[in-house]
Amino acid sequence: MNFTAANKVIIQGIIEPLGASYAPLMQAYGTTVVAGISPGYGGRSLAGIPVFDMVEQALPSVGAIDTSVIFSAPYAVLDAALEAIAAGVRKIVLVTQGIPPLDMVHLIRTAEATETLIVGPDSPGIIVPNQLLLGIHPPDLYRPGSVGLISRNGTLTYEIAWSLTQAGLGQSIAVSIGGDAIVGSTFPQWLQILDEDDQTDVIVLVGEIGGDSEEIAAHHIAEAIEKPVVAYVAGRSAPRDRRMGHAGAIIESQATDFGPDVGTAESKIAALKRAGVPVADRPSEIPEIVKSLLQQPVKKAV
Amino acid sequence: MDLLEYQAKELFRGVGIPVPPSQRIDRPADLKSLAIPYPIALKSQVYIGGRGRLGGVRLVSNTIDAIAAAHTIFNLPIMGELPKVLLAEAKFDSKQELYLAVVLNRSIRRPVLLGSAQGGVDVQTAIAQMQQIVVDQEFSPFYARRLALKMGLKGNLLNVVTDVIERMYGLFLSQDLDLVEINPLAVNAEGDVMALDGKVTVNDAALGRHAALAALDTRSTQGATPHKPALARLPEVLSTVDPDGQIGILANGAGLTMATMDLLCQAGGKPINFLNIGGETHSDALPETLCQRLEQGLELLTRNKQIKVVLINIVSGTLSCDRVAESISKFLQRPISIVKPVGPVKDEIRLSRVKPLPTLVVRLVGSQFQDAKATLAKTPTILVEDLDKAIAQALTLVRNRDT
Amino acid sequence: MDLLEYQAKELFRGVGIPVPPSQRIDRPADLKSLAIPYPIALKSQVYIGGRGRLGGVRLVSNTIDAIAAAHTIFNLPIMGELPKVLLAEAKFDSKQELYLAVVLNRSIRRPVLLGSAQGGVDVQTAIAQMQQIVVDQEFSPFYARRLALKMGLKGNLLNVVTDVIERMYGLFLSQDLDLVEINPLAVNAEGDVMALDGKVTVNDAALGRHAALAALDTRSTQGATPHKPALARLPEVLSTVDPDGQIGILANGAGLTMATMDLLCQAGGKPINFLNIGGETHSDALPETLCQRLEQGLELLTRNKQIKVVLINIVSGTLSCDRVAESISKFLQRPISIVKPVGPVKDEIRLSRVKPLPTLVVRLVGSQFQDAKATLAKTPTILVEDLDKAIAQALTLVRNRDT
Amino acid sequence: MNFTAANKVIIQGIIEPLGASYAPLMQAYGTTVVAGISPGYGGRSLAGIPVFDMVEQALPSVGAIDTSVIFSAPYAVLDAALEAIAAGVRKIVLVTQGIPPLDMVHLIRTAEATETLIVGPDSPGIIVPNQLLLGIHPPDLYRPGSVGLISRNGTLTYEIAWSLTQAGLGQSIAVSIGGDAIVGSTFPQWLQILDEDDQTDVIVLVGEIGGDSEEIAAHHIAEAIEKPVVAYVAGRSAPRDRRMGHAGAIIESQATDFGPDVGTAESKIAALKRAGVPVADRPSEIPEIVKSLLQQPVKKAV
């Protein structure tokens, strides 16, 4: 998995408000944005980026496309992503929130069959500081460095990146897998990618209540990850069963009346600790723990 | 969005899942023109489960008893919820009761079929026997058959239940449901099946493409306005976290809001309300929209007379710090009369306006921080750069205003 | 099964494809209570295309003209077909006319989307501009967009037409259609689109799972009996191949029936009727069923007084030769009174019974041939083992009976 | 592609009338029928063949299954075939006629993705004389030999097999690709299989009016087939646009008013002749032509 400024990137939904605001920012940051896609707007351009009606129309002029960042309206995202896959795009970042879950199920099935990486939805995307912005991370808060940051939220990710940056700890990459109930790429996938990434020395994992991603991540860390991991889990004080704004924060149960303890902050923190992962009590604690881990020798492969 | 039992059963009927003959009862007098034969079950139509144990379901054999029972049920709150409607339903003699559900499993990112040969009110037994089938590829009826077989069904019942599961899945897929559950699916001595109770949860994000389902929302005070995947409305009334609390939290994004509240609680603070004005990943999100939501959020929080301090924590890429500062400044300077009310303005709220506003502790991360600082310097707000310090500041202020 | 225009448009309306306001006219007097404003188009509802050129569509501006036009159209056969219904439809001012279709391409085994920027009555121009998109994987709207782009559409019209194609595909898939066609899809000066004419063909094999569509069959003399994927009914009336012919052909399987007829024609024979009693691949096929169909088929063919010789060619794995022989023998021995008629028995047919039966030339391939031979030896039929010889025999017999 | 008596075969829809009649015949012919499948009938047996409710239930006792012959009712065939594919079966013969075409489109897409061979629907299946019967060919009419017989019809295939047998020309294999409008395997696929098959010296192709399979086959023969091919096309005298009993006999056009000449007997015969394929005027001519071809040297590879 390589994410560099050499990646050829398109922006689908480039005329949506969010897409139109971030397209020039992504480009200004050094991302090679070769085309924007918005059906019905073909022939125009936005911040110098040529706009096409379809992904495949861009291919003759720009060649193979590595990545698409999708800002389309929620009900148009599935089709946009399938269109990108049909045009040979194999990395897709879904920024848009509120995609119907069954659209995601359909998309994930197709992504699996075509070996396409789907990041998101409801995700600020990926940033490789000073190299590449695939989404809406605020670049000012990030600096290049060796901390790999993986989260499933948006502004809390910025908060933690900023606390690292302020402490002099730059980031090799920051990625949010997205806050909606059904997301494409998972914590274990990204843990694996960062474990194998030469630029990353330590991994910060930012979780929150709801779902079982942190429990699964903890299991994966214990089994397969060699680099040190620091975690933080938001939502210790959250009232149970209250919506905090996105589905990740609903403590869900499998079906009516079948609710195990999975999903609570306690369950997640306990699982991470059992896996040997230090869990910060507050965001500002993360840089201290990262520093202490960087001074320890890296776990050896067994 | 949850559906009431009678709404769920209408969906079942529409796709050919057998349900007993039934009639919606809006008032006890409706029972005089009942078209189904006695004995019937009268069932409280509430969103909360377990109504059977709480007296929300009664079997009656004649009109007099039915009307009396209806009066009782209409006046019996189930866990605080009073029914607006009852369902009168023909009795069905069951020999066996099954549990069936289709639900989305978010961690495997696939729908799963659940089934138990021991359904009914005893949920623990149902769970002990629960079987699960993951629908890993496009659905085909053999997934349903796989579940029915795993449940131990045989012969004709195997095929009949497979057919019911297939229809449940059809609903699940075509209507974007989070859950469709039948418990119990009753089997009588002849081997006929009947869905005696059902639960359907519609996915909120998908409601915008299911106008017929959106119209079933009996709880929305907005009425039947079309749901669309726009920026979620802010709540009209904030729920209370700690009734003794004096601090309100306003932040952007669910994770950040939770983290801010966690910090406050860890430091011994008591938040009474919290408000997430929304993250940054909405395709319609513009700085203007976010500023508007910030101002509406402040309006909402400051209505609560008990709040002494509002802690604002905005970390944003979309919104520069100076725009946040301008919004806050604008909010503080607004003449009360021109504030556009979010809901109907009650006298009680107008009254609260003459009270002094709570102190605003503002913590901002983003671009143009220095401009924000200059703007806020002209206001009575307290700007803090560091999150931990902002928490401490809020707590100090509450203690000071307390004394 | 083809639908009439007004039936197709009902389907279009149901899925949100824009169609003009319209009203079904069962008799000219219906126009007195017309709910749509003049001018209107009155359109003959026949299954055959090209009615416009033949006077089946008239524009009228008031009730008097409308009633007169309706009288004319009701009495105007289009290629021999009289309309039972007219459609009165509001006029739509089109600036551009497009052609759109979704159809199954049997050789690539995929649905294809067809579109031409030059639709309307001039089919040759439409064909010259025709674009095609193969839906090779599961449909997603981008296939529709791909077609619209290839048609040269831009801007808002690109999206509007994409949406229409998407809805057409939805119908195609959910209703098991062989064809859904809109010609023209008119575009007015404001860029709104409207389906002015539509054609829908429902797949006959799938009708059994679309009760609502099956009920639209206005041509079936069986009425609205539920279509089911059972053994196809034998035709009630056999169509005539050569009106001067004197030979009837009865065979099993379409290919074999055609081959038999080819041989007869090549040898100079004139078949008047042919009947395929059905192949062997029906899941319900039992020897009993096939025998029954054989007897019914003989009954049908021998009703035709012009037939001198019936050539029976049965090559079967399901049916042994002796069972075929028994059926033939049974048919020949039947007392007329106990023959179960396939349709209502008319006097004319009863009368035909007293006429001598045509000669039966029987050619059989399968097991138990010797037993069949023994059975048929007791009948006036002529058994021939070789197909070419059977053909020759039939021809000789006709010539002999002629002279 | 090997079709021998060693193939492990299941029969889906074994309790349907047609399935119940042919299961014992298939078994008696030497086909290794290891299980029958009919939902709701699990636990019974038919002619000594154990019946299961699902294909996957049979796996533990019979091991991997090579082939399924499906006799299920038309609307149950798609599900039965998908179930077989999910259970690892990669050769499927669909005997049943009248499957809705869009079910076939769905099945063919899945078959392509899983590299599954689908023969039919509306097909008597495959017979390898004296070895294997996968379907409903009447075994009495076939003899082992070196003629590969490919058709798209049922009883006409038997007729031609019988004329070959009577002339002393046995068959290496006979397969009908099926008479419905949408079928799985195609003439070119089978021409290729038989061209590569050591047991086959000459190929007989039996077509009929409707569709364009014969035209496509002719093209493929000219391009890629080395063994001699003889063809026969039924329907020269058929009235145009009249249903002869199955969809293959409808001369179809792409869409209303767009009907080329493709599909007529003339078009097919002309295409085959252009490809150098002798076309018999009547079934009884086929054995003579086959004999004459067998005496000629085989075309050399270019």
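We call the chains A, B, C and D, going by the order they appear; numbering starts again at 1 in every chain.
As a convention for this text, a residue touches a chain if its C-beta (ideal position, glycine included) is under 8 Å from a C-beta of that chain, and two chains touch if they have at least 3 such contacts.
Values in this document were obtained by computation on a predicted structure and should not be read as measured data.
When the C-beta contacts at A-B and at A-C are tallied, the pair with the greater total is A-B.
Centres computed as Cα averages put chain A at a distance of 26 Å from chain B. Rounded to whole angstrom units, the spacing between the C-alpha centres of chain B and chain C is 53. A separation of 56 Å divides the Cα centre of chain B from that of chain D. Shared interface positions of chain C, i.e. residues touching 2 or more other chains, are given as 137-138. Judged by the touch criterion defined above, the protein chains form a single closed ring in which each chain touches exactly two others. Taken together, the chain A residues at the contact with chain B in this complex read 13, 16-19, 21, 71-75, 95-102, 104-105, 108-109, 120-124, 136-141, 151-159, 162-163, 179-183, 206, 208-209, 211-213, 216, 232, 234-239, 242, 244-246, 248-249, 252, 254-258, 281-284.
Note for the complex: chain B touches chain A at residues 49, 101, 103-107, 109-112, 114, 123, 127, 130, 137-138, 172-173, 176, 178-179, 181, 183, 199, 203, 205-206, 208-209, 229, 232, 239, 241, 251-259, 261-266, 271, 276, 278-287, 315-318, 365-367, 386-388. Interface of chain A with chain C (complex): residues 39-43, 53-54, 56-57, 78-80, 82-83, 86. Residues 137, 140-142, 145-146, 149, 154-156, 158-159, 162 of chain C touch chain A in their complex.
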